[in-house]
């Protein structure tokens, strides 16, 4: 019988993309200025994100209490919003298009584990969210999911598969329930 | 084809109900004394909420780490509980009746967007939760939902429509699964 | 007609397992060193948990921002992980086996209320999670649920009943969808 052996877990192949000093520095900046009630002007937050390697378009709004794992694996298009208490857990690349809305409490999840292996190997996959899409409050986008242009994921829904363009998706797992227009 | 244009978003019609100074002051009070591990006596918290315009009955219990957007849009009846890490995102009026239980991690959500308009217009709607109702842990009540007397929303469920009196509702979206008694 | 009367709520029978001084001390330690961005070495965290009465095996990894109610009601087996922002709300005993993974944002919930009684009596029940099980990100395990060996609860799913061994469970409420291997 198969037995998970986390003592044999080995993610040494994974490279977080920056050295330990930069990672530690971002960890502190994230804790103090992003994932807190401190409200720096959006322009300052966007400048800090760019300093740490993020691509950030114009007019981007990052609300308070947003948790971002690695800004150097984050690209945000013009006029996109990231709501209060959202969590961008981007072990892999997260690309947000233009005019995207990530609502409050949403989670973008790039990490998974191979539950068929005793070593529970880390598996990562990027998330791409195209222009005009809307991820509802407390919704979750799972690793590797492609959210097509102007797709909507309703409040508290869990996207485990790609979302279709100009369509509303709901449930756990989320399925298409209707067209956007 | 329709394209969301968040650069054209305009919520200037929306009035938060207080001037910027009061809003900033509440923001700090909320961050320090409500949405934190600090444990003021319930009576002090209730007095602070009343000072900011909330209607708060007797015997109300607000646990730690509760996030309240605008206390002047909040009414809480006698002996009602608000659990740890609950989030009252009351852009519009939230009325909690008497003997209501909002469990830990629940979200009361008053804001929505018109996803059929390029300008993604803000839409707000009040939430009314009647006497004796129970919103389970990590459940979400969506904008405009009326939770009738003694209705129950189970753990992690999403109420997108009105909940019936003396009935248990479950799922995403929540549907009635049985009577309360 | 039945009316909830939270003014008559009485949980004086419930004993949290330690005196008020120890509970207050743990409350502060939890707030400062566990449920925060502070990153003590795992070995130090495990030692602190043991000091407060937890049974903690070797190689246990507790990530930042983890909220633990009562460590003296917690047992964690060797090489088990508790992910960022997980919440162990253990009013009753929580036993995590060996090589268990509790992913980020998950909630282990031991408290419930009897909604058929006007006094809304507190009901508690232990949670047992056996070796090799995996509780996905933002998933919830409800009071009294037994998670059998190597069971998996998918992202955002709600376990209201026991989970079968070596099986994947999904949804709200979670149902078995396939075998693990």
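Letters are used for the chains, namely A, B and C, taken in the order the chains are written, and counting of residues starts over at 1 for each.
Simple rule for what comes next: a contact is a pair of C-beta atoms (placed from the backbone, for glycine too) under 8 Å apart; a residue touches a chain by one contact, two chains touch by 3 or more.
What you see is a predicted model, and the numbers here were worked out from it, not measured in a lab.
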Angle (degrees, nearest 5) of the CA superposition of chain A onto chain C: 120
Same-residue or different-residue interface between chain A and chain B, half as cut-off: different
Inter-centroid spacing, chain B versus chain A (mean Cα positions, whole Å): 25
Touching two or more other chains - residue numbers and ranges from chain B: 156, 172
Chain B partner contacts - residues on chain C that touch it in the complex: 1-7, 27, 30-31, 35, 87, 89, 107, 109, 113, 115-116, 120, 140, 142, 156, 158, 160, 172-173
Interface residues, chain B side, partner chain C - complex: 37, 39, 59, 78-81, 85, 99, 101, 104-105, 131-132, 134, 137-138, 150, 152, 154-157, 166, 168, 170-172, 180-181
